[in-house]
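These notes are about the structure you will find just below.
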Amino acid sequence: MEISEGKFTAKDIAEKPDLFLSGHRACAGCAPATVLRMIMKATRGPTIVTNATGCMEVSSTIYPYTSWATPWLHTAFETAAANASGIEVALKVLRRKGRIKDEQVDVIALAGDGGTYDIGIQALSGAVERGHDFLFVLYDNEAYMNTGIQRSGGTPYGASTTTSQAGSVVPGKLQQKKPIADIMVAHDMPYVATASPYYWKDLIMKARKGMEVNGPAFLHVFAPCPRGWRSDNAKSIELTKLAVETCIFPLWEAVNGEYQLSTPSKVIALAPQKKKPVKEYLQTQGRFRHLFTPKNEKMIMEIQQTTDQKWNRLLKKCGMTPPAQAK
Amino acid sequence: MTAFTRISTEPIRIHCAVYNPDVVAVLDPTLLKTVNVADGLIEEGGNIIVNSKENPAEIRKVLNTTKGKVWTVPASEISMKILGIPITNTAMLGAVARVTKIVSLETVEKMINARFRPDVAEKNFAVVKEAYEGVKSE
Amino acid sequence: MNSKDKSWKEISPAGVCWKSSKTYLTGDWKSFTPDRDVKKCTKCLLCTIYCPDAVIHWNAEKDDIEFDMNFCKGCGICANECPTKAIVMKIA
Amino acid sequence: MKSVVKQETQAVNGDEAVALAVKQADVDVVAAYPITPQTIIVEKFSEYVSNGEVDTEYVCTESEHSAMAACLAASATGARVFTASASAGLALMHEMLFVTSGCRAPVVMAIANRALSAPLNIHGDHSDAMAERDSGWIQIYAENAQEVYDSVIQAFRIAEHLDVQLPVMIGLDGFTLSHTLENVQILTDDTVRGFVKTRQFPVVLTHDGKTFPFRLDPEAPMTMGPVAYPNYYFEFKRQQEEAMKNAMNVIQQINDEYAQLTGRTYGDGLIEQYRLEDAEITVVCLGSTAGTVKAVIDELRETGIKAGLLRIRTYRPFPAVAIAKALGKVKAVAVMDRSMSFGGRGGAVFHEVRHALYDLPTRPYVVNYIYGLGGRDTSPTQIKRVFEDLRKIVQTKRVEDLVHYLGLRE
């Protein structure tokens, strides 16, 4: 795989014109907006973007305004990958027939967790199976935020949403977050990675790799929503650091199915004492507030255990030895 | 299963089942026991062509009708012999061509040659020809 | 609806957008505003990268960053992420 | 008719006729999902692709929903696009049909019209396409395999016409047309290419303040499929209605142009009138049943009964004015619907034909016959019964039942 290492200094990024423009109507402190800016900074040339229905689609294209400097298409909630398929094959055949300029045009499909984990997974799985050359970016804010914070397959265990409300009987969502990136690795696709915007360089590099690879690439980006997570607007990026440090959201990539930890998570793997307790992460967000009560406290322990199990499993996949079982 | 064909020198506009056929071709003789294949046959001048080794007179007994003229042709045997598989419709085509005289053997050959590659066409036409020549009437 | 909205005969089909959101100013949303202490700022550019609204730009001529307050929603990410605490949020 | 171009007779079924037309029309992208009775179309086309007979990207999507999404996106990128479906497949596309017409993507789709579940039924009726009549697609229903072939070729010109820019659905009755072998006059590849030409694009104003051809092009960026609030959504729907209105003329023009070329015409492209000039009683229907009705009319005419047929070829846009004009002097009309509008007091075609006749100074009696659901055969005997009923209405000046079920066991 071609590596574009070194191209992305802070100055490179700052100097490159934005393709996702100011004036969009995402909420203050919206991490997905930062993520889209970064993704578009990673582009290598002509690019067409297709967007699933969701927060970022709605907030960036309120007619007659658009925040997109690239060609951009939205059709429906569940169609991002199917649209990317159509765009990719159209480019291929029109280029072959000499109807458009003979140049590489990258295709990016953007979708939130609803458009990826749930309603969009069929189209995504199909498009990846067919091997279309495109980058699918999941900006995961862990619930249906566009319609007002309803739980999705990407909502973590214990989180309170408007359809998994923490009440006197039910303590928030009772199911685990679906391992979407692993599901994509199981498709035997050439490139899958997770990314967190705090580690901006890692994110941009991975997005670029996803564009450069031949065939489908999947990038799972952690993207806090202060409105839905009941967190401080200013902390949206900080939370993405904390999620990595607690191993709630480890960073890795799988090139042709081979897992490898990315530096921020590798540091923790090599020095397990740096791994922070999940409590530090959970307490920053109102959606987990009900866990910090005597009645629900055990759930925090459960979350810690599940996080540890998943982390250890990941370490094994990456060919690393997990530390001796936590006491 | 029943299927219908209309043959005409004029454009065919009717798009529905055939209720009163001039010709009934029975590809699967086991149906004779369960289906009254002669039911809709026209009163005068009809033909019933059955894939069977039996004589037409024997088949007439099973049919339980006085209508039409009964013909038999051992379509399954011809197919097995030449093609090695019991595809009966090609043989039945030969029999229908002979009985109705709507198309000549030459025309059938021409169309088979147009549709199939030479080796396949040759075998198929051999089936048609043997059935054409071998179909027996009462 | 307002009187400036166009009729169906005047607009392109299928909702092709004809205005850049750069003409839609979101700066008046904010309750807080960033205040930079130039002396503390090391021009590390992290704020330009993390800002969800592309408010902060690198101006090569001035060899400095600049804020386009027309779009700042006052989220405070820049202040939170500033490694030298050169940016603080103040009431707008 | 003037001298027409070279054509060759081939025995093909309706599905094969579609595949052949698509092959000749220089289609760039086909994205489809197989479903009976459409499957032969995609199988045949796949064969063309595998043998290098077409230069087309063929995408076997994992569902009809994705098929339409891929078609729409490919069309937005500038490709000429085709797909095919039927029944449950079309129903699964429902959401995307509206998005496709709303995005003004000139996708062409063949529908081998089939019943909708439940109970499951793979046979012919119009329930699938009738349920999509308000989806913003042009709908044309063919009478025979020849018209299927001709209509698919015409559809690309209609859809891509700058005054139209709407998707087109060509309906062929499941099995009756899709699977029945008929003689079809096939044009040469060059003739078809010359007729369909290459795709044209309207020019649109973008956010850069510039005008560009309407497609996704990195050198001319534009945003397609945004959110439109109540201040603008309505305007776009009105534009679509205008495009439908324009389609009414364009379909007629293209029907004429095609007739000059091939010698074949389907009425004025919108409706076809059969022995209607002096008819007193008339059947109105869509699709392959029209052929059976024509044969019955010829029989009845020999006995002195003044029977006629109005076949609606283009159902969307609905040619209400042409229908009113054609039926102005008729005494009684039987509208045949091959689908139900449950609780709607008759089928959809009935409602619309009756509405079209409302403004006539003297209105004929109009009754409805629901027929052929789930592949139920409709025989000449049944059609004769319909005409007999109409004669009775004319004689008695009385309608006993407004809605009838033809061929149903009571």
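By letter and in written order, the chains are A, B, C and D; residue numbering begins at 1 in each of them.
One rule holds for everything that comes next: a contact is a pair of C-beta atoms (placed from the backbone, for glycine too) under 8 Å apart; a residue touches a chain by one contact, two chains touch by 3 or more.
Remember, it's a predicted structure, so these values are computed and weren't measured experimentally.
For the pairs B-D and A-C, the count of C-beta pairs in contact is higher at A-C.
Between the CA-based centres of chain B and chain D the separation comes to 37 Å, rounded to the whole angstrom.
Distance from the chain A centre to the chain C centre is 23 Å, each centre being the mean of its Cα atoms. Centre-to-centre separation of chain B and chain C, using mean CA positions: 82 Å. Taking each chain's centre as the average of its CA atoms, chain C and chain D sit 51 Å apart.
For chain D, residues that reach two or more other chains under the stated contact definition are 103, 207, 222-226, 228, 232.
Residue positions of chain C touching 2 or more other chains: 11, 15, 17-20. In chain B, no residue touches at least two other chains.
Here the touching chains pair up as A-C, A-D, B-D, C-D.
The touching residues of chain C, when paired with chain D in their complex, are 1-2, 5-8, 11-20. Listing the residues of chain D that touch chain A in their complex gives 28-29, 31, 55-57, 59-63, 65-67, 69-79, 81, 95-96, 99, 103, 198, 207, 216-229, 232. Chain contact summary for the complex, chain A toward chain C: residues 10-11, 13-15, 18, 20-34, 37-38, 60-61, 63-67, 197, 200, 226, 232-238.
Of all residues in chain D, only 102-104, 165, 202, 204-209, 214, 222-226, 228, 230-232, 234-236, 238-239, 242-243 touch chain C in the complex they form. The touching residues of chain B, counted against chain D in their complex, run 11-17, 19.
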